[in-house]
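The structure appears right after this line, and notes come after that.
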Amino acid sequence: ACGDSPNANRDGNNAPSVLNIGMPNGPQTENHNPFLSSASAASLGYRWMIYEPLIMDNLIRPSDAGKPWLATKAEWTNGYKTLALTIRDGVKWSDGKPFSAEDVVFTFDLIKKTEALNINALPLLEITSSGSTVTINFGAPQFVNQHKILTTIPMVPKHIWSTIADPATDINKNPVGTGPYTLKSFTPQTTTLTVRDNYWQDLPKVKELRYTSYNDNNAQTTALANGESEWSFVFIPNYKTVYVDKNPQFNKVWPASVLGIHGLYINTTKKPFDNAALRRAMNMVINRNDIFVQAEAAYFHPEVTSVTGIPLPAGESFIAPEYKGQMHKVDVEGAKALLAQNGFKLEGNVLKDPSGKPVTLNLSDPAGWSDYITSLEIVKDNLSQIGIAATVEKANQDAWFTSVEEGNFEASFRWTNGGATPYDIYQTIMDGRLLKPIGTASPQGNFGRFNNPEATAALEAYASAPDDAARTTAMNTLQKIFVEQMPMIPVGADNAGGAYVTKNWVGWPDDQNPYAPAQPTQPNAVDVVLHLKPAS
Amino acid sequence: MTRPVLEIKNLNVDYGLGDQAVRAVRDVNLTLHRGEVLGLAGESGSGKSTLAYGVTRLLPPPGAISGGSVIYHPPSGEPIDIMALSPAQLRRFRWAETSIVFQGAMNSLNPVHKVSTQLLDVLAAHEPTMSAAARLARARELLKLVGISADRLESYPHQLSGGMRQRVMIGMALALEPQIVIMDEPTTALDVVMQRQILGQLVELRERLGFSVLFITHDLSLLVEFSDRIAIMYGGRIVEEAPAAALYRDSLHPYSEGLLNSFPALRGPRRELSGIPGSPPDLRGMPTGCSFHPRCPKAFDPCGTEIPVLGVPKEGTAVDRTVACWLHPVR
Amino acid sequence: MTLSEPSAPPLTEVVLEAESLTKHFPVRRRVRDLLSRERRVVHAVDDVNLVLRRGRVTALVGESGSGKSTVARLLAQLYRRTSGDIRLHGESTTVRGGRRFRAYARRVQLTFQDPFASLNPVHTVRYHLTRSLRIHGHGGRTAAELERALHDLLGRVSLTPAERYIDKFPHELSGGQRQRVAIARALGADPEVLLADEPVSMLDVSIRLGVLNLLRDLKERLNLAILYITHDIASARYFADDTLVMYAGRMVEGGDSETVTQRPAHPYTRLLIASAPDPDRIQGSPTDAAAATPEDRGGGEPPSLIDPPPGCRFHPRCPNAMPRCLTALPPRLAVQGEPGHWASCWLYDPENTETPGSAAREVGAVAS
Amino acid sequence: MAIPTSSIDAVIPSGPVAETAPPAAARRRRLRFVANPKAATGLVILGIFLLIAVIGPWIAPYDPSARGADLVAPPSGAHWFGTTHLGQDIFSQVLVGTRGVIFVGFLAGAVATVLSVLIGVTAGYLGGAADESLSALSNVFLVIPALPLVIILASTIQSAGDLVVALVIGFTSWAWGARVLRAQTLSLRRRDYVEAARASGESTWRIVLFEILPNLTAIIASNFVGTVIFAVMSEITLAFIGISTISEWNWGTILFWAQSQQALAQGAWWWFVPAGLAIALLGTALSLVNFGIDEFVSPRLRSSGKAKVRTADGRVVRMRVGFTPVLASPSSTPPPVPEGAAVLTNAEGKAAGR
Amino acid sequence: MKFLLQRIAFYLFTAWAAITINFFIPRMIPGDPVQSLISRYQGQISTQAMQSLYVLFGLDKEKSLWQEYVEYWGQLFRGDLGLSFTFFPAPVSQVLSDSLPWTLALVGITTVISFFTGTALGVVAGWRRGSWIDGLLPATTFLSSIPYFWLGLISIALLAGPGSFFPSSGGYEPGLVPAFDQYFIGSAIQHSLLPAFTILISSVSGWILSMRNMMVTVAAEDYITVAHAKGLSERRVAVSYAARNALLPNVSGFALSLGFIVGGTLLVEIVFSYPGLGFQLFQAVGAKDYPLMQGIFLIITLSVLLANLLADLAYLALDPRTRKEG
């Protein structure tokens, strides 16, 4: 009836020019500010289709060099304290204005000036440009932050952002970026992007991106299963039955681990868990495969197999020679022997510590986190094999947060920070600089109060070492401490993979061609979309 | 006396069905004549209301009529058995021929509708051909008839005093000029002064309009003053029926006598009051024989075993009265 | 039972006395009243004087809403009086709950109009009576003593054998039996004054007499002072020694029952008596009955108690109203030739010079 | 004038009322409630649930948390209601979970009922300023939507176990009951028997406790049942959306797991259905009890057993207001009464009288 | 008038109390929005981001609770509900205006339909007591005892799914732009059918029952018998006399339930992924987004108050006894 209705000449839902992306994040509120993780642009991931980073690092292959993106070259000097960037020529903002080094300087200046936007707490000093070169100086070596600086900071146009009064709270109603797409429409449920005309690379084949926010995992999974959604990142229990089997030819899940892990933090100040032997014994009985299959639906948090806790294959290159090929395996007898050597006694079904007290353990996690809770149930079961009487407590989320940060817990499943090197993993677990007495919150990490100066020194050395050799040494030390002390029992890796449907579009990253993480909210999403081609 | 308008024959009314049933009205025979006021008296629970509602078939469940007939004689045309009417026929018959004024006027008027709505309702239902203006005129006329100013039509029941409400009900009862008006204790909730006024008005209207009234009350002294004939009920039966004066002067049934002796007199010499000993019978366990015999000071042999039949007593000369008592064998 | 002309018993000791008893109930305020400072009140009882004597029944009659129950509740100290005084054995008393109220209640007891409502349906007769005995310390010390007291109490109201009634719930009793239990409960306090608020109006004709006879019996045996409230003036004649007539919150006439009922002085009392059903008035045409309807200019409507008429409150309905009735409040005036009989009516002012009814006609003409 | 006591005796009714033994009558009154078919059905089902609540953990074939080998297995002989993603036995979970549900429901019901009685009855009886402020309080609680409040409160409190959940629900859901009770108390306060108790010198607390409260029993009971329903639903809701502690099993917990494991999408209907049906059944049982109480209080609400009758003209009609049926079989009517006798005599009499 | 004044005083007081409670409850919740954000993005936002987030959300400044309370009222009077944390920096009012219409449309319409159907069925059940419809009551009781999230889940499993007419989630088809045109409205209606049906099933029996019971009570009143005695038609007695009077208590219940539209059906919105206010509240609670929680609570409270006012007015209109003049 209404010819001018925006819905009137809509093409069919699965027309080959459209890619339907979904996220289980609930109704959205319009906000295209690329710096805010609370923005709809971040929540759905479309900020990376509009705004682009300098370099496109691939976190699932962190040792590979990143693809030059808005910067054709990025060079670190001065012991990773100075970054020299060469800015790409011929890039245009979607409003037609040229992209220049000025814009890069502006963006970094903005972050420097606005604490609220300096998500990674970068110690930025002067930022200068000359011609197409930009030089950024940092107050500290940035080796471990390279990826964050180069890949996770979106470049914004100076001519627009310099007029914005408060960049931290602006919703950036009309986003102008260098990316291949521009915003077409926004509704709380669906955001539509359309391809722009003059992009600095070949235009993507996908003409329109439709981001739909489903209210929860169930809805998202259902949408994926019936092809309504073609790309998403969501936890799908029993994904074979629920998703893949609905259309096995097209419905794919590709889990890709990155360098961040999930595991059981142990409070190392609580007796008898201050005893590394006990922690190692516990590690030996934990059945990671059961957790992987039953709690993580056999895909979501890929099993951490290396004894060093570093996910493979992403961290392959970081593994110390002595641990290469050393894999976790369940060894109940070995664990018992280890315990016996260290003065523990297994009496019947009860493990007694050297002082003769039965060993009990309270495992806690927030009530609603079903995969963690399930993992704990399995851990509890596993531990009973060596006589540890564990209980699973389903805590209130906030209470849990507080008690973990303040060290008032015995053992708990939690994640670590992630990054381009295993440094972030180990730093979250073992950094003595974060060590706080019990009762004082240490929100940044070291929840288990692991006190090992050697590890702290190695972490410091890794972050600021002048050369790769020194870094390797530090990393090997960290691995050795981790394996021997086992301050946290690693179980699963962070997953930057995703679920996609190949019915209309092909060219997705997979095991054969892991060119990018398959997660629609990662900066690499734009790279993925640029790889897509219509099926047949 | 003129010919009857309503003949109740062997009417039985039950509450409940089957084994649960209790009989609240037993074998009642009663005739209402044209233009008369027939009083129905008896103590609480004797079945007066049940009879009145039974006759009009307005008893709520679990009430049911288990026998007998009620013949209505219209001024012209065939007699009608009310018991044989279908619901639709009943609806047409009601109010046009018999209307009822209930005990509590407060509850008889719908609190959420104006007086006018409730008056016009009746007219609309029974005189669909009448114009709206004519109906309104009639409603005003009715209010005037009962001594209420016509502007009260727009009032809600709660805005009227008890007496006014009762009058509205009486006016409404006369809306279609029915042949019979049944009044179930229409004045018990009112003051004596108000009561007399309303009854005075009613008597006057009856003079003018010529309807018959079945007047129910437990206040015998009121009945004696206002009605032509009086029927006394006890335990669901009519035990005596006589012209008002005759009953007052010379009641035959000991129960009637007891009733009359329960009221202190306001004037004249201070009478001896005897009252009636004992308490009313239980419908579930009616005494055998005359149901009054356990309380009767004059009970003798047959009273406990045989039910006395209502009839004209042998002794005396009166033919216009009946009694059901073994002391007064019927002809 | 024999009925003799009451041989006016000698005046006995005064037990309870009310002087200028007044009760005004505040009316809920309306918006428009918020502006004016004046508080509107229901003049439920105004300037009531009354004397209860040992061994005498005083009847208080009046139409519904005239303030009879309010007087009873004031006397029982269930309401706080607005002004006036209540004297028990000559001693002014004001009690507001607590121990003092209990002490007062021990001597002055009230029974209610509706026996179906005044007993708690969830309690047995035993509970009700035990409580009334216990509260006032008449329960005895042992269970046996209590049992005896209970039996005694039931015996006093002729509910015998006591076993048959004592464990019953109110719903298992007839109205008359309930009223007896209510009276027994009042007697449990062993009072000197019994305020009986319409004790029989809810009862069936055939049972009323029994309760009234019981009250009279109690008066005589226990030498109680009884206030008998009723709207049935005939029963006042039958049962009470003295009768007071109330109209719209004020006492309008009082005196010996027989005198008041047979030779009413106040026009309102006359109207009341004329309106009462009277079987002796039959025999005649219905027009006679209509004619017998006493003159009432007010259409039977009582006046508003919020804005009571000035002067005599009955004047708008009074056939004998005189100009002064419209403005001046008549005091108690003795009716000549009848000792103890008085009426609040200007007709009995020996100095009255106005024509009875002169104002009535005027007002009547204007009204119609 | 003296009235001999005998004359009074003569007037004393010694009617048929005096027959039944009083305690029996009282019991009859109480049993009438149980005799109500709805109430009886409700009570039986409720009884079964209560029994399971007590013995459930003992008769459960498995430890409800114990992992088993069969993952997400449909109902079988070994697992009557199938298993979860961890191989846990759902039948055992339902059995064990009953206790938490019943515990929270009844505790919350009790807390709310006690509060509503305290606040409602006090407000109603005292009147005046106390009434104003207490009713204002309950109005505020009434206006604040309970479920969101419960959700917020429950997520506020650390480790919200069954006890805490019950208390939170109890403390937020008393307002409606208080309002009803206040209104009822207000009307009771004006009743003659309360006034009479006051007039006879009873103390205030005794009047409230012994005169007013017993008359509120039915309302309080129905209130209690209502709150229990609400509490059960709230508790299950809280568990279902993962807010309350789900350490102990209850039906909401089962549904939470079913939902978070997308049981329906997996085709594991057995994971959802038993707990849902159990909730519905418990809710129905409680509602039935409530109806029973309602009907007990107000007998009109009872649908009378046999509502249809055969009329004289052979049709079957429903008994209803306004159209009294004329029954078919004049079984006990004695028609041979001299039809003419009464009527004719009368007529004759009149005729003669003229 | 007195009545109205009293009501207004009551509304003002209740609004004040509710808003105050709204203010304090979220602040009692331990944890803060930053932590919630971090945990929502498990591992993806590194813990180093915390400081910048505190600055971003303005949580780095210490203020006394009292100061905040006063400021809160100041904001409210300016119509400013603050900024939501979950959707930072979207103003709460925007989040509300995005989701409120959905709730109002779905639950509002359903409540109205449920009320009218339930009442109508209740009238019939109460009037024709003992007829088949009366016998249906236990069944409806059972249905209404089913928690409706469960009913919703089952109906999704049974009725929705690929190729089914009923969509399983969302408020409208993805890709549509909200506009008043046939496509959007049609899609919105299609999406609302299943949740509406669920609400209907579980709420209608309450109306049936209360209306039936009121009918039964009213049917025994004298004025009904009088109406029959007056020979009025069955319809007129049933509708104008019985139902009209029986309706009164139900009307206030209806108004109250209108007030609970917003807060009462949170679960339906969760289960059907319906983009309404209840779902937002649920999210806000999880995210410790107390400006949003406060905003939603404010809406709920105000709507309950408004509904109460409506109930009062309806009563005033329907029951002449409350309109005592003077």
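Think of it as A, B, C, D and E in the order they're written, each chain with its own count starting at 1.
As a working rule, a contact is a pair of C-beta atoms (placed from the backbone, for glycine too) under 8 Å apart; a residue touches a chain by one contact, two chains touch by 3 or more.
These figures come from a predicted structure and were not determined experimentally.
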Worksheet item: How many steps does it take, at the fewest, to get from subunit A to subunit B if each step moves to a chain that touches the one before?
Response: 2
Worksheet item: If you take the mean of the Cα atoms for each chain, which one ends up farthest from subunit B?
Response: A
Response to the item:
Here the gap between subunit B and subunit C, centre to centre from mean Cα coordinates and rounded to Å, is 32
Response to the item:
When centres are defined as mean Cα positions, the distance from subunit A to subunit C in whole Å is 90
Worksheet entry | CA centroid of subunit D to CA centroid of subunit E, Å | 25
Discussion item. Quick check: how many Å separate the C-alpha centres of subunit B and subunit D?
Written reply: 43
Practice prompt. Send over the residues of subunit B in touch with two or more other chains.
Written response: 53, 58, 60, 87, 90, 275, 279-280
Worksheet entry | Where subunit D touches two or more other chains at once, by residue number | 11-13, 15, 17, 155, 158, 241, 243, 259, 265, 304, 307, 319-323
Practice prompt. Find every residue in subunit E that makes contact with two or more other chains and list them.
Written response: 29-30, 220, 225, 227-229, 270, 286
Worksheet item: Any idea which subunit E residues touch subunit B in the complex?
Response: 220-223, 225-234, 236, 240-241, 244-245, 248, 318-321, 324-325
Worksheet entry | subunit A-facing residues of subunit E, complex | 29-31, 35-37, 39, 41-53, 55-56, 83-90, 94-95, 98-99, 161-163, 168-179, 181-184, 269-270, 273-275, 279-280, 283, 286, 288
Response to the item:
In their shared complex, subunit B is touched by residues of subunit C numbered 1-3, 5, 63-64, 174, 176, 204-210, 231, 233-235, 237-239, 261-262, 271-283, 286-287, 289-290, 293-294, 296, 299-301
Discussion item. Per the contact definition, I'd like the list of subunit D residues that touch subunit C in the complex.
Written reply: 1-5, 7-9, 11-13, 15, 17-18, 20, 22-23, 25-26, 29, 191-202, 204, 210-211, 214-215, 217
Discussion item. So in the complex, the part of subunit D that touches subunit E is made up of which residues?
Written reply: 38, 136, 139-140, 143-145, 147-149, 151-153, 155-156, 158, 229, 233, 236-237, 240-241, 243, 255, 259, 264-265, 269, 272-273, 276, 279-284, 286-288, 291, 294, 298, 300-301, 303-304, 307-308, 318-323
